[in-house]
Amino acid sequence: MNSLPPRDLGFARLDTDRLARTGDPEVVLAAHKTPEQTIASLRALAAAHPGRAVLATRCDEPTRATCRREFEAARVDDEGRTVVLGPVPVPSGTVAVVTAGTSDLPVAREAMATAEVFGTTATLIPDVGVAGLHRLLAEVDRLAAADAIVAIAGTDGALPGVLAGLVGTPVIAVPTSVGYGASLGGLAALLTMLNACAPGLTVVNIDNGFGAAVAAARIARRVGRAR
Amino acid sequence: MNSLPPRDLGFARLDTDRLARTGDPEVVLAAHKTPEQTIASLRALAAAHPGRAVLATRCDEPTRATCRREFEAARVDDEGRTVVLGPVPVPSGTVAVVTAGTSDLPVAREAMATAEVFGTTATLIPDVGVAGLHRLLAEVDRLAAADAIVAIAGTDGALPGVLAGLVGTPVIAVPTSVGYGASLGGLAALLTMLNACAPGLTVVNIDNGFGAAVAAARIARRVGRAR
Amino acid sequence: MNSLPPRDLGFARLDTDRLARTGDPEVVLAAHKTPEQTIASLRALAAAHPGRAVLATRCDEPTRATCRREFEAARVDDEGRTVVLGPVPVPSGTVAVVTAGTSDLPVAREAMATAEVFGTTATLIPDVGVAGLHRLLAEVDRLAAADAIVAIAGTDGALPGVLAGLVGTPVIAVPTSVGYGASLGGLAALLTMLNACAPGLTVVNIDNGFGAAVAAARIARRVGRAR
Amino acid sequence: MNSLPPRDLGFARLDTDRLARTGDPEVVLAAHKTPEQTIASLRALAAAHPGRAVLATRCDEPTRATCRREFEAARVDDEGRTVVLGPVPVPSGTVAVVTAGTSDLPVAREAMATAEVFGTTATLIPDVGVAGLHRLLAEVDRLAAADAIVAIAGTDGALPGVLAGLVGTPVIAVPTSVGYGASLGGLAALLTMLNACAPGLTVVNIDNGFGAAVAAARIARRVGRAR
Amino acid sequence: MNSLPPRDLGFARLDTDRLARTGDPEVVLAAHKTPEQTIASLRALAAAHPGRAVLATRCDEPTRATCRREFEAARVDDEGRTVVLGPVPVPSGTVAVVTAGTSDLPVAREAMATAEVFGTTATLIPDVGVAGLHRLLAEVDRLAAADAIVAIAGTDGALPGVLAGLVGTPVIAVPTSVGYGASLGGLAALLTMLNACAPGLTVVNIDNGFGAAVAAARIARRVGRAR
Amino acid sequence: MNSLPPRDLGFARLDTDRLARTGDPEVVLAAHKTPEQTIASLRALAAAHPGRAVLATRCDEPTRATCRREFEAARVDDEGRTVVLGPVPVPSGTVAVVTAGTSDLPVAREAMATAEVFGTTATLIPDVGVAGLHRLLAEVDRLAAADAIVAIAGTDGALPGVLAGLVGTPVIAVPTSVGYGASLGGLAALLTMLNACAPGLTVVNIDNGFGAAVAAARIARRVGRAR
Amino acid sequence: MNSLPPRDLGFARLDTDRLARTGDPEVVLAAHKTPEQTIASLRALAAAHPGRAVLATRCDEPTRATCRREFEAARVDDEGRTVVLGPVPVPSGTVAVVTAGTSDLPVAREAMATAEVFGTTATLIPDVGVAGLHRLLAEVDRLAAADAIVAIAGTDGALPGVLAGLVGTPVIAVPTSVGYGASLGGLAALLTMLNACAPGLTVVNIDNGFGAAVAAARIARRVGRAR
Amino acid sequence: MNSLPPRDLGFARLDTDRLARTGDPEVVLAAHKTPEQTIASLRALAAAHPGRAVLATRCDEPTRATCRREFEAARVDDEGRTVVLGPVPVPSGTVAVVTAGTSDLPVAREAMATAEVFGTTATLIPDVGVAGLHRLLAEVDRLAAADAIVAIAGTDGALPGVLAGLVGTPVIAVPTSVGYGASLGGLAALLTMLNACAPGLTVVNIDNGFGAAVAAARIARRVGRAR
């Protein structure tokens, strides 16, 4: 535990040692922060990691507007609600990001931006839900060729389990809060994925495109670098 | 409401008017009854409906043994836990009963016996769960040809939703309590089915092969008789 | 699986093969879509199915306004939040849509529009909840004469179970989110329906008038066509 | 609060003042007690209230056997699992105890014994569940004539709500743990009852025939005594 | 079931027979209705019951404003969200309405108005929660003197159970949605009340001051009239 | 129970005896109150306890604005939503308030103000969540030196359990509603804390910084005064 | 973190450093262990802490029998399911352990044994539940005199909240799994305690008499030692 | 989808094509099967895959005994409840299997056997739960050196989240049903893991050591083979 001391912002202690421990810098989850707190955290992280892109997720509209104003070079994605600052790593390995429906796209966009910041190449394959199975079957070869798959689905959450029976690629499933009534804000999809019969499937929190992409990127770039 | 008075057994009032109202006699749910109560109910129902088969479901081993002793002509199914007395109707229409896995067979057996008592022909297609999709795809034509489908699945409960995207036949989904952990005794499968994206799917209680088969038989025989 | 390729809209892949597989074209669930996405999907579906009505459900006010502007011939229902484009099929068979209360009417309206688009004739029987039982008993003959029943109820969700004890017609129960406190957003009504004692009842997701009507229409038109 | 000191049994402090405060002596809930603890409590309560019956509920088989051995004059009900010692009060007012099904009888028996010990006359009307509505309608006049109604139902728990729409008598609803799957051990019936539309209905804990009967007896005897 | 035909408003069937069946006219639950629907229902009920007050509950601000405009003689309570039209019955018996805290007052106000419309006299005893027990103990005699008690509490919901141990009067407990976090919108208070150890307590839905008052009024006026 | 009579404000009965019983005056939970009710309660409490600070928690913006206007000497904390009036006690003992993240700060601020009013010295140690463990390990000595610890965490709620394994100081854990999806509004963090393996940890309601600080202050000042 | 290396038993790593970190040695939770694993762990802990008592909790009958055989000097409590080996510390401070009912005694016994091993004096005050409030009020002075209180209650869990309004002593509440139906295995009591209005109350896991006693002992002995 | 036809055993259709699709043969989940069904499935799988080990998980004692009798060469693990037949692949890559406590060992054993059958090398690091953090810190280097980590924990489930903050290795978290009360059969641990702040963590079903090991093995051997 001979680690770098955290950088103290008063309201936050940045974990600037995380890059050394885990290979990736800390990320700002903007969800419960003021725009000012997010800006200050991003600025400090960028200063601590000049050679590596830093990321903020769940940026609401005011935060994204402030970022655009404050950081000229920021790449801001309105659909995925992400902000990226600084140079992304040379990518290694490939991740396929698939969604069951159109409404899952914001989560997919968060995953795409994250994958890039965490050093891998991501491809988007949207709207291949199991209600029209042939749309998925047409993409099996592309999916099998990826080093890792992020599979995103709301409502019944059935897509990742069906997909995991078709390929041997590691599948990381993301339930989304898309749905109504007995979808219980994404809990139904989460339970479906946890109970999938095909092995090799693992799951993250509801709408957590970020976490899924970090896991997928770490797999993909390990394979990619070893190749 | 000029209905037949119920037959009073002291502990129960048999709804002998139900045949006139709904086209089918009352059924004995043996689950919370003593063998003696089940026997007495079956005997009274058989006496009230001499020309029509009567059914008891959820018969435990002692009840099944007593039925075998008391009713020489009883058809007893140990796997499906059903007891049938009396002549079944001439069947009309067809029902396909599909299961996702081997462990769903007891529920399927209950559905098969019920379908027969409720006047339709049932065919069993077991173990076509979505983890090995080609098993299901190989049966699509047979499934599309049925007048109604009972689709039974535990764990993730994904089979009925995938199936409902492949055929236009009415699909009645039965979640089963097969699974562990986050399957929550069948609640996960139930939620999956309620949230399925493909329309035309309806759902019954967990492990309720009986109720699904009644609904399917009523659909199938209406179609069959109209043909 | 020699199916038509899906039509790719970038953000969506329309399942234009669904009509061939299931007898009905795909439907647009507008709930999580922008007005633009819904319009584009409707337009593509209408182009793919010129001889058959296409449907969008859960259209919010901006989407309905845009539809009125963009599609001169659209039939827009503000209460049921549906938009229909193109000629509906010649109806076959009949569906009765009953509600327990006045507040269940939006769900009933969604079911009515859906039944028409899916090729059957629907009749509305509102406000016959079990707190005033004679209102329901007065309608039993009309209900028994239908080929399928959609029974819609919030709060305690008791109507469909009582109804299923009165008629042999297939009953598809729709719990609604009407209620407060321990109604748990419709979960209480859903559980009541899943546990109904009278067999022949099947259930769909909370507020899913669309799904119930598709199932009912498929039953009714099969019977109607066979007649 | 100038109350009688509780009687100290070491493991328990009997609330011998309760008769003065509430009009009824304390009752022994035997469920989590050893037979010896139940016997000792009953004996001490009987000694403190020689002129008034004392009651133990939820007595398992060993406790009932011990009670039969220890108390010659005990009235033991094996179905309702109750033990009564000493003279019951002269009854006042009437309570109707109705059940939806045969399997609800143990709860009804607990309610019957309790009503008697708490000083009212109870009548049992079993197996009038809403799946065969005419059974209930045939009893409406008898039910309306009671001073209070205890309505017991498992599975969907719909009986009390339907009944409360038919009479103005206070209805106390008891959900039972009869059912399976989505009945959730009686929670589904409990929720149904809490959400009933007809007013005048109140609810007790699952399987709590005792509590319902105490409330009903207190209503009935107040009315009876006032008459 | 020789009952009056329901009055058909198109969107609603008024249960004008309810007065004959249960002794009290139907009530309008305005919660999910437009102001126009509520006005029309109130007007029809008032016309059907000219000699008896009619009630609407859960009236939001626009509905209350419309009522004030449309019905000169309406008694409108902004805190309790009730509207009353027409002469209340001569009261019979007494009901005590107690609350645990200040924040439970809206539910208490709904109960007060309901009790009056349902023909009994109600007294309010606010803010006697168990965190300051002496406040409750000081009111025990007044509470014991009532014919029925409505006990309203949010957060931990402990008041009704403590009260039921102090008096023999029937206690009807109302959980409220007052609280935060693990109060789960009133479910915690509801569970506390259902599990209270002192018998004689019955429970209604969360925030259901109306239902509790109907039950209490029916008890109180039976006792009052019998006296 | 020879206690001071409560002060009656009409809508509330102030428990002015609480100081005598428990050592601390009553506190105003402003959450479900109007600004006027909060002001009136604060004023009455301040009048009853001129020598001791009184506190209102969960004051929304209008309430805080009114307090600033009405009470010149009020100390108002916008982040912690607290208002304090009157002289705080001479502090005794020390409490450490730690948070897992920046977003837990409002709850920490509520705890800080409460600790001061309840007579102890509080120190804030923010943003030491377990994702960057060295931040916590660097503070262990400071934490071990406190008389009691309030540990605040949302999302996975892991901080208090890790901390309780590092020190023997009593730890009071506060789950927060910070998180999304399967955090279930703080229930996930609450469950984590209740299941922590290290003993010595106790838990309060979600976001209940106030309650945690009262418990911690009572421990700390007992130790401090005994020293 | 210059800590003692854990002692490796193959299946377990004893945390022999815990005494240094927290002031108390590790404890064996026997619940999921074989008798052999528990014996081996106890033996190793006793060897590592010859001057200090070691404790095993949740010992089932076979484990207790084996302990009696293997450790001549073991103090085994069959009701509390604890085993203690070695000399307990000289006690400091006092803890009152109160229960709502007789059925809560096993949890109280676990707390009593734990308090002794963790170096404080514990007094048992059983069966003072709020259904007979005077039993509790008679003990208030004894309770107020303790340095900390462990308050144990099942069913509605109301005791600790009432108690916390009567005294300023820190109260640690233990919900128990005593109850049925809507007690949900202790969850109802847990929620009641988390929502208690009187501050100063903290809560532990269901049936966790051990954890409550550790927290109480740490408070009591700090106060005791400081005195 | 030019796949091998499934092998039909009457009660099951073996998915013998799975090896071609995913790189690994089907596995028998013995949990809901009779010993005879498990034996028949294992035998058929072994015949179909003579060059590759086949696996059965969740084998109860009778099934394990039958396997030992029927298959001379079977490797049976009583703690992990696995049966392996046939030659395991030459391992590639490494997986670390860590547990929080001794009671998590059965799940770890299932993971160990699975990892071997799925072609990787697994190392066990037991009992490093966060209540004694130095046990975990001592193993960080070994953990960081693995290609993937399976982290198993019950009760609070905090271990995987702490671990994911210390290393950049992909961590697959397995909640276990070890715990009591508010652990809710493993749901508490599951929720903790889904809400972990450190990214890179993914989760499987409660007690699903098998699924976690398949995912880990697929990651590890991809990396291993690429090296």
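Some points to look at:
First chain written, first letter: the chains are A, B, C, D, E, F, G and H, and each begins at residue 1.
The definition used in the following text is that contacts are C-beta pairs under 8 Å (C-beta built on N, C-alpha and C of every residue); 3 or more make two chains touch, one makes a residue touch a chain.
It should be emphasised that the depicted structure is a prediction, and the values quoted were computed from it without experimental measurement.
Looking at chain A and chain D, the chains that touch each of them are B, C.
As for how the two copies chain D and chain G face one another, under half of their interface residue numbers coincide.
Of the two chain pairs examined here, A-C and A-H, it is A-H that is joined by more C-beta pairs in contact. Ranking every chain by how far its Cα centroid lies from the centroid of chain B, the top place goes to F. Chain centres here are Cα means. That of chain C falls 44 Å from that of chain D. The residues of chain B that reach two or more other chains are 1, 18, 101, 131-133, 137, 165-166, 181-183, 187, 190, 194-195, 198, 205, listed in rising order. Remark: the chains found to touch one another pair up as A-B, A-C, A-F, A-H, B-C, B-D, B-H, C-D, C-E, D-E, D-G, E-F, E-G, F-G, F-H, G-H. Those residues of chain D that touch chain G in the shared complex are 1, 3, 5-6, 11-13, 15, 17-18, 26, 31-33, 37, 175, 177, 185-187, 190, 205-208. Note for the complex: chain F touches chain H at residues 100-101, 129-133, 155-158, 161-162, 164-166, 179, 181-184, 187-189, 191-198. Against chain H, the residues of chain A that register as touching in their complex are 1, 18, 21-24, 27, 137, 147, 165-170, 172, 190, 194-195, 199-205, 210-212, 214-215, 218-219, 222-224, 226-227. Here chain A touches chain C in the complex through residues 101-103, 105, 126-128, 131-135, 137-138, 178, 180-183, going by the rule given at the top.
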